[in-house]
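One chain, chain A, links the two complexes that follow: it is found with chain B in the first and with chain C in the second.
For the complex of A and B:
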């Protein structure tokens, strides 16, 4: 081994073989444990059973709706909460980066707010906005809000002051400076914050649905649990993970397109 | 400039100009801190006036300061939801610390190994990629199926939640170590083990701690959620009981306690970080 450690890169075929081997061992051990009967079916269902449960739920309604139906209900809540967080967080963050007075006023409150775990808002959210749509949307909002605001704020602070001065000298109003100088200048940071917020919002949604709601993918998890059907729980978990992954891929795509359009390196 | 400021309609533009004039006054950090303090005091005063004095806000939904004081003294003295504030807080704290330690002690070494060997990474990645996108909270029902409402279920869920950031950041930390440093170590005849212990792991420490901070945050969020879903003791139990009793002041007390404990554990972790990374000089 003459090469430094982190250069020890396996060839492409070796990499593929190792990955395949890893996946086989993982699924094999899982399937083997389940099939051997050492572990009860009510504890660890086989991977095949999980897939079957998922496919069945996609066709036959479970807990009031099909898997897709639950997922659409969840996605609707997520979109509302995230949209609200982005719609308030980004402008407020930019404004805080622009006006030091606002920054000095809001920052201490925001710092205190950040220490509260998003899920701790669930009781108040349910009390104030009910358990239908308002409560979960508020929980998603509290999860997604901080990165939206913080990244817009930091991005705005990175904008060259002379650009702002130049725009102001040419007579641009504050609102115009924010929309046409700060926002484009802070864009990479803003978009990264939106992606983070989207992910955190999705996680908070699951928490909110576990605790208070009676539809959506979190509710499927709860129902699977109370029916003592771990294969349903696991199938729903995979669906949640997959949807979260798809959301992130979509946002990544949007991120690179937006950056491209504004002339940033992808 | 001055004629621009004089007669303007009362709209956002005027407010903006006004804000700008005050803005010029804010120079030092001290001024900033005073303004922050003043804002908080004004908000607290407004809260007190609208709830305790004016009664404009329904206290069944939004607690007043005096309600919170009453609730706090009730839970500190007599207890609520099966224990005093101290027992509930210690109970939750113990679970978080336990779950966090298990996650750190398993996640950091795994991440370091994945960072050191690309072969090992290729082998582990498929399983890791399957687990990674699943939100930590989605493990709660499974943990309940497996272990019921006992402490073990909470520790398991916290472990899953805190595990992923610890692994990802440890791996990235090892990979981010400057190649020149590794080469320099080699030139001077350091063995593989010494390079790992003296170059790679110390070099990865800042990122490892970044991961651990994220892990700690995830631990608290997950514990609160797990206790809200079902628990016998703990701060989440306080929150869920207060919700069922429609006792908003007690909800607020529970939230404040969680926030304080979260802040304290973060500070503790930062202290450890400063000790460990003393060579970095901060």
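For the complex of A and C:
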């Protein structure tokens, strides 16, 4: 019984209970603060108001669509931008890990690019691809691309050189070496990169939607602000957070499944 | 007819601002279906020599020919068996062996047939669906050897293939290799630092000296192997034969000389 509480690893049920407890205390303090009247409801809406606003938006259209409709629009853009980032970033990263020449050519450009915040691309994204689908997709792409490429690149560099040599002496083409040796060899790193990229892409998306579009969760946020409805802004933020969490849980699941399929420990 | 021909091969590596001569002017012919072993002290460039034949390194001078064609990069006419086995951990035994066949564009049915045939040859039938990590070291190397044989290469290049196995497994694998060479004779270039292993397996043994790597002697084992009928005997019996003991002692003496001899090139301090 007498185990040091601060270092003990909580069991599964304890962990769930603690998470729930933390959330309850947080919401309780927030609700109490809002209900006490110490802060104006225009500065801090109560959690109950936020939930009500969210539920109302789920059935009554706001800013042109229901909350689900906006969410689907956002998710669609995210999927396109992230898919593009993964589809280009992973093969390019693996190729850079394989050909030093390509590495030397691309690395300096990439190193400079990856310190530019995704939102900095908004003006050019709008200019080049418009404010409908193309622009936001490009912003998501710029957010998700770096971790996709970087993790594939680092993973490829960690693949045992003798495995690559074995494949080449067995007559494998460069393409086959990348698909059948570098990709599976770098897989744990690649999927970790995809998860990071998915998260960063989702964050960039909301930023992009604040500026350039007329649908999506980011747009709901902006409309809530101009309607002086802080509870709507907060509800939209909550929806963004929860969806991000769900995406990550789904990707975590996919990650362990993929690793299992390729014979890696989960 | 010579199957592997090294013509005046040198290999120089850049090292810390200067140059390091790994191999200096090596010429060697390996006739078709001959089993040739190379022994030498560590650092004599024996692995480099194999990598040059494999096309994994480019010679600084000279030409390597296999089957008359100059080597220009790796190719499936020269299969390599690595000391680390180099099996793909995410592929099953079947997929590992089929890999080279897929690269060659062998159709599926034929692939399956070849996989089964060479697994059987290596005494590994029934392991098709295992992953490499589920097998012992000796079994993994059997799979790697089966993978090399399956692409039916012109020559087999073996780089200390049994170096990481325990002594008992190594002996078993050596006997196995003798047996397979009889069923399925190939031109083999075999790198080892084990003198007994070289004498036991090879038709000819090449002794290398280091700094720089160069050939000091070539010993013809074949006549004694045939006269004493080694291939029909168990390995412990072979090691008691007078011819075997004599050759082993002779190669040890050559190796000692190779290690004691002053370097042809002053070694960098």
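The criterion applied here is as follows: the second predicted complex is superposed on the first by the 242 of 266 C-alpha atoms of A that agree within 3 Å, B and C clash if a C-alpha of one lies under 4 Å from a C-alpha of the other, contacts with A are read in each partner's own complex, and residues count from 1 in each chain.
Quick note on the criterion: contacts are C-beta pairs under 8 Å (C-beta built on N, C-alpha and C of every residue); 3 or more make two chains touch, one makes a residue touch a chain.
Nothing here was measured: the structure is a model prediction, and the numbers come from that model.
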Taking the superposition as given, does A:211 touch the first partner, chain B, the second, chain C, both, or neither?
first
Comparing chain B against chain C, which has contacts with more of the residues in chain A?
B
For A:122, decide between first (touching chain B), second (touching chain C), both and neither.
first
For A:225 in the superposed arrangement: first (chain B), second (chain C), both or neither?
first
Touched partner set for A:42, first chain B, second chain C, both or neither
first
Who does A:181 touch here: chain B (first), chain C (second), both, or neither?
second
Once the shared chain is lined up, is A:173 touching chain B (first), chain C (second), both, or neither of them?
both
Using the superposition on chain A as set up above, list the residues of chain A that contact both chain B and chain C.
173
Contacts from chain A onto chain C in the complex sit at residues 160, 162-163, 165-173, 176, 180-181, 184-185, 187, 262-264
Of all residues in chain C, those that touch chain A in their complex
54-56, 73-76, 78-80, 82, 84, 86-90, 99-100, 103-104, 131, 133, 147, 151, 157
Please give the residue numbers of chain B that touch chain A in the complex, ascending.
12-13, 16-17, 19-20, 22-23, 26, 31-33, 35-37, 39-40, 43, 61-62, 115-119, 122-127, 130, 132-142, 144-146, 174-175, 177, 179, 182-183, 186, 192, 195-196, 200, 217, 220-221, 224-225, 228-229, 239-240, 242-243, 246, 248, 251-252, 254-255, 258-260, 262-263
In the complex, the residues of chain A that touch chain B are 1, 4-10, 14-15, 18-23, 26, 42-43, 99-109, 112, 115-124, 126-128, 173-175, 202-203, 206-207, 210-211, 218, 221-222, 224-225, 228, 230, 233-234, 236-238, 240-242, 244-245, 248
